[in-house]
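Working notes, structure below.
Order of writing sets the chain letters: A, B, C, D and E. Residues in each chain are counted from 1.
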Amino acid sequence: MATAHSRTAARLTMAPAVVLLLGWMLIPLAMTLYFSFLRFNLLMPGTEEWIGTLNYQYFLTDPAFFAALGNTLALVGGVLVLTISGGIGLALLLDQPFWGRGIVRLLVIAPFFVMPTVSALVWKNMLMNPVSGLFAAIAKGLGLQPFDFLAEAPLSSIILIVTWQWLPFATLILLTALQSLDRERLEAAEMDGAGAVDRFIHIIMPHLARAMTVVTLIQTIFLLSVFAEILVTTNGGPGTATTNITYLVYAQSLLQFDVGGGSAGGIVAVVLANLVAVFLMRMIGRNLDI
Amino acid sequence: MGQITLDRVTKSFGDVSVIPPLDLTIGNGEFVVFVGPSGCGKSTLLRLIAGLEDVSSGTIRIDGKDATALPPAQRGLAMVFQSYALYPHMTVRNNIAFPLKMARLDKAAIDRKVEAAANVLNLTNYLDRRPGQLSGGQRQRVAIGRAIVREPTAFLFDEPLSNLDAALRVNMRLEISELHASLGTTMIYVTHDQVEAMTMADKIVVLNAGRIEQVGSPIDLYSRPRNRFVAGFIGSPRMNFIEGEAARGDGADCVGIRPEHLLLSTESGRWSGTVTVSEHLGSDTFVYVQVDGIGTMVARAGGEFPVRHGDRVWLTPQTEKLHRFDAQGNAQASPVHGVKVA
Amino acid sequence: MGQITLDRVTKSFGDVSVIPPLDLTIGNGEFVVFVGPSGCGKSTLLRLIAGLEDVSSGTIRIDGKDATALPPAQRGLAMVFQSYALYPHMTVRNNIAFPLKMARLDKAAIDRKVEAAANVLNLTNYLDRRPGQLSGGQRQRVAIGRAIVREPTAFLFDEPLSNLDAALRVNMRLEISELHASLGTTMIYVTHDQVEAMTMADKIVVLNAGRIEQVGSPIDLYSRPRNRFVAGFIGSPRMNFIEGEAARGDGADCVGIRPEHLLLSTESGRWSGTVTVSEHLGSDTFVYVQVDGIGTMVARAGGEFPVRHGDRVWLTPQTEKLHRFDAQGNAQASPVHGVKVA
Amino acid sequence: MARAATNRRKLGLTLLAWSIGIVIFFPILWTALTSFKTEAEAVASSPSFLAFDWTLENYAEVQSRSDYFLHFWNSVVISVGSTLIGLLIAVPAAWSMAFVPGKRTRDVLMWMLSTKMLPPVGVLIPIYLLFRDFGLLDTRIGLVIVLTLINLPIIVWMLFTYFREIPGEILEAARMDGAGLRQELIYVLLPMAVPGIASTLLLNVILAWNEAFWTLNLSASQSAPLTAFIASYSSPEGLFYAKLSAASTMAVAPILVLGWFSQKQLVRGLTFGAVK
Amino acid sequence: ETISIATVNNGDMIRMQKLAEHFTKAHPDITLNWVTLEENVLRQRITTDIATKGGQYDILTIGTYEVPIWSKQKWLMPLDKLGSNYDVDDLLPSIRSGLTIDGTLFAAPFYGESSMIMYRKDLFEKAGLNMPEAPTWAFVSDAARKLTDKKNEVYGICLRGKAGWGENMAFLSAMANSFGASWFDMQWKPQFNTDAWKKTLTTYLGLMKDAGPPGASSNGFNENLALFQTGKCAMWIDATVAASFVSNPAQSKVADKVGYALAPDTGLGKRSNWLWAWNLAIPASSKKGDAAQAFISWATSKDYLDLVAKEEGWANVPPGTRSSLYANAEYRKAAPFADLTLKSIQAADPQHPTVQPVPYTGVQFVAIPEFQGIGTAVGQTFSAALAGQMTADQALQSAQSIATREMTKAGYIK
């Protein structure tokens, strides 16, 4: 497949996608970079002036920044761990024969189709609300004190909501991977005397490694920019307990309309995202053999 | 020890009966080959013995003990799969060591056994590679290594060489035969390759639609096939069958003659016809002849036999090598008495 | 017409030179087979001819016209791939019609040609099936059908039969030979199957690491290999080579003798040794002998030769069939004069 | 491994799987049920599961407040439109990555994916300004453009992994048969990749349907999709659970039903090369 | 002509949307496009749009906070074509003054509100307590603790806890005013390190801990409304508009048991009630100014009040904008809270919100552009304190440093 002809064609066919994405990335990024060196409050047009790195100084010394950094990592990490472990469990379960497998599968994948805004609204108001939510009703029914999820365990609650949304995705990919496992390999292990646990550890888990990589990669992309769930449920609070980098940038540029500061935050977020990207590609992209 | 007895074993998948009641005894140390057309139940039978499938009814005894309900790991058998079924994420060493680890052997013993097996199989230099970095033949050897280390009472092979290319297949065939000679362990081997069956087996089991058509030594089956199915199935190129008037002359509903038992002549003989294709291998020549009134027959000539498309040739059977079958396809009173050196 | 000339053609992938400068002429109507060990560049050479890869230097001429820079579709060649490369979403009819559609033929002409091709290849009943619903042999025939309809100046086949099982391979081999006989079109055929090469080729090209070792008719290569590589590569089981003292006696650094040219005896002969493995095929017996001071040699006996592991046997070469090679492995003055009927 | 799965074991698995499935599905089920309750029942301190007075008034109320069908149609146009255009751009790119891979292929793909890691809030203002200047604010075409761009990397990746499984020999065969690049794509590659393309299409329609940041910020009334529709139901004053549930059900139901009906196709290509 | 109206998703606005067909019937050449959004989203959307001159809307729903800032930027169109029978002088003076810059009206109030106490007469009676019309914080705190009965899910007092300058900070700023605290001194120095603020916050936190509902740190207006309507709060201090919801039997289980009182004070001369109005305004860039003014004129007119009264009853009339409404006997009958609402509105003085003099206007906000950010960030820390994540002292210290930082950055503090 490698004649000069096809290589030229390849370059031409790549071009639209590459050019568009470059434009999509570079143009706003350049503008953002420029704004980040300005005093630029949307509410005070005409007062823009070059202030050098002042915006960065403020953003990076904001105590909320470190909280946000930690929260972002906790959110991404927590959801990844939960969705992957839960996904493996569900995939193993859905791979077994039982009655109504098709329907259960539909039930399990359903959350993936729900808009983040809707799921956040539903969880916050109808399930987790400590007074009129369903969990509170259940707790009261059992004679327990209702738990105030979003106030007492805000980040965990958000992790729970986001996990609920992404669990189906992880399950589907892991299930497909599991079903691609050569049955003869499992039988060979069985002949070799491996029990169910040994087969899981030594055969199934390594086989799922690649799928876990993919799940990690894709979910990280989406989890880094989790936003609607936070906006709807906690507005980043209480305090900064659920402020992630995305939300912090949002607060800066769209609640305070400090475009300069928000842009500086945006650039910082871009740098961080790229660090994560490089890390991901290095650590696990290799595993993908693309 | 390694005696395996199947007693009225049957197997159905849902409503489909794949193995009708079947009896078979495999003696200790024997090399038994299952052959038969695709889908006849060879793999199923092997998997029943391995314990990877449950029998629908009947009993499987291994060394006299009832093993029908034992899980695979406890039957003391080792299996080599067609796809090799190696663990792709483990090194060769760990692949081979896996059954030993599962048996919770201590590290020193495992190392010793793995080294020994690698030695036998010429894998010592590859112990730290992954299966993905090995050639087909090497992979197959790893699969065998994994089976050997367990010191099983019997080995089960399901078409272990069918993914290899011709040259390699010859080598691996010899290696497995030598392994059998040196270990002396019972081996059950599924194949659809003529040559493998003929050259490796102590005993061939010919299966057809789950039934056993004939059991015997390779030479037995070659020279005294019990019926047309076996006669046609064993031997390559396959036996020429002659029916109708021409067969009636030899006192049977159908007579069969193998290509290597037909004498070719450019001058005279019993049947005459024209050459359609002649295949010149150097060592042999196979001549496809359109025989008048009978159909296409294949004959083998040793070395180089200079005929080409369209030439007229004559064929004469070695009469003592004629096989006679009745209308049901069963062999009539055996015409061949003993086998002579050609 | 269908003459293809390669003139100092080379090919490198990045820094790796796969084909060093190579000259080759393929005559009109010839059936040329490329053989050689895996990775020697057979497929690469075929793809260079097809135009699927660019040559690194040199010229390819088809029927005298420079085709080096032409895209594949304009070279007038048709290719049959190892994987068949059928279009799985099209019916057999559409698969075969595809090249005609690309050539903007009108519907009636297309239909006519497709029907004709289907007729030749016995595919008429399958025209409305998808490739997925066909057996391996039928798929291969569709692939050939797709090649035929274009009425190409030459056909290129890259191991077209290697995915088929043994029995089918024999049939398809015959079919392709017949096709060549009836169409008379040039065919270039890559294989690593001995038998295919020997039986189908007008001319075999033996490749080794991108170089041409020898070009000639099958019988030529079989009986007059130009060097040890060709001698060892052509013929199955491969030629026995004897080096050192034993060879010196025959006036060469190395002598070769094919298994079928060794006489086996249980009583006396030139070399003696013990049997390690004897393979009884019924029609032949291959005996692997550990010859004292020389190593393992293989001999073929016709029919059944009753020896077993450990027996002592004697081997005697047919002297006129001995091949002599010098220290560089090149054949010395040809010892074989003409080929005689065995 | 077809050894007798005893019925007892199967029954146990069935119970386990169904309870887990129902727990996971419960929030959606609960929302749907609540949408048929009156507001008073929706907040009742001992919630009833089925035994309540079913009512459709919440749906009527929601429809009278905002034109559901306009938003629905916007959602359809935007998600399907952006996915189709994305496919149009991504197919050639994925073709070249899969069949004419170079040393940079991997890097290009990873770079494309990394563009998705940029936080959208960081570039909202610049994009807003650009959109204003090009008159794209509150237009469907504007949203289609943005969603095309943000989903493009995922589309390219999915198609790439799918194309890679198609043997290159088939495309070479087409080339030998006289097909040009365009014919090769249209007659051979695309039909063969239909399952993968269907899956890509579905996944990206779902992602686009649920994308809430850009759709909300770049639309007003004309082009607002269901994500904007739902934004007017989050915490209005008074009792709102039942209305919120009705609106949520209306926003989620179409894509959920689509997803359910096409889950086989969705799953078929949803591996991103995870399965080999 | 099509005009786009961006509005907030509360009951009065939704009612306006429904009744708008009366307007379009009278103006067949005008069609209306509605964008109804939740308050925070709405504010963000329209601010972005107007600041970048995006021009997506012709009529904006904005609060009293935005009007002076935006009109100073010349972003709003003067409302000079409201028609001859649009009785501007009928608008309540305290409301109108916030919307008028240099004598020009830049936004028309749709409804106005202050805050007051809503309480459960039945519970007070049972506990033998008697609510004065103008209670003090001491009384309110004491009563709240006495009325709390957590076992039966009755909480003494429900107050806003959800972070946001328009959420908990609206309440806390107003409360701080009554404790003699303020946001800034005359040098724009933040004042969270004062005793007055400390007293404010400890009172609030202590009260919520002892007598507040669980999960208070995520309760805003809506959550508290739901709690009160379902009978779970004995007292609730919040917007006066809530009165019509809690007294509406269709929505409220306790409709017939609600009493009203002025927001509490500490005797320093300022009560802890705020002043707010949702107003309709037109971006200066709108090309459909005339049509938009016609609509605003309709929607904020006396006739509109009559229309609502006719269609939905007097209780549902948007309150707090016109004196004439409070003179209307029918309304006073239908709305027992009318009197207190008016008193509360009149009691608020956006020009002089605090006990000490300050450089800013606005009762529960500071009318500078930076306030949204600072207010929200401070709101976050107070919300965190309410959730128990930090002490009052830590929260105040952190608020002080946030505010100082931002004010320094914005150049107020040199």
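Throughout what follows, a residue touches a chain if its C-beta (ideal position, glycine included) is under 8 Å from a C-beta of that chain, and two chains touch if they have at least 3 such contacts.
The shown structure was predicted, so the numbers you read here are calculated from the model rather than taken from an experiment.
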item	value
Subassemblies held together by touching, chain B left out	one piece
C-D against D-E, pair bridged by the larger set of C-beta contacts	D-E
Distance from the mean Cα position of chain D to that of chain B, given in whole angstrom	54
Centroid distance [mean C-alpha coordinates] between chain E and chain C, Å	90
Length of the line joining the C-alpha centres of chain A and chain B, rounded to whole Å	56
Centroid distance [mean C-alpha coordinates] between chain E and chain B, Å	90
Residue list for chain B, restricted to those that touch at least two other chains	52
Two or more partner chains touched - positions in chain A	1-2, 42, 132, 187, 190, 254
Sites on chain D at which at least two other chains make contact	1, 43, 45, 124-125, 129, 172, 231, 233-235
Parts of chain E lying in touch with chain D, wherever the complex brings them together	4, 6, 9-11, 14, 17-18, 33-38, 41, 45, 48-49, 52-57, 153, 220-223, 225-226, 229-230, 242, 245, 251, 253
Residues of chain A that touch chain D when the two form their complex	1-2, 6-7, 9-14, 16-18, 20-21, 24-25, 27-29, 31-32, 35, 42, 90, 93-94, 96-101, 103-119, 121-123, 125-127, 132, 134, 137, 140-141, 164, 167-168, 172-173, 175-177, 180, 183, 186-187, 190, 210-211, 213-215, 217-218, 220-221, 224-225, 227-228, 232, 245-246, 249-250, 253-254, 259, 262-263, 265-267, 269-270, 273-274, 276-277, 281, 285, 288, 290
Partner chain C, residues of chain D touching it in the complex	167, 169-170, 172-180, 183, 187-188, 191-192, 194
Contact set on chain A toward chain E in their complex	41-45, 54, 58, 62-64, 124, 129-132, 145-146, 148, 150-152, 154, 231, 233-241, 243, 251-252, 254-258, 261
Complex contacts: residues of chain C adjacent to chain B	38, 165-166, 170, 174, 177-178, 181, 192-195, 198-199, 218-219, 222-223, 234-237, 258-260, 276-277, 279-284, 286, 288, 300-306, 309, 339-342
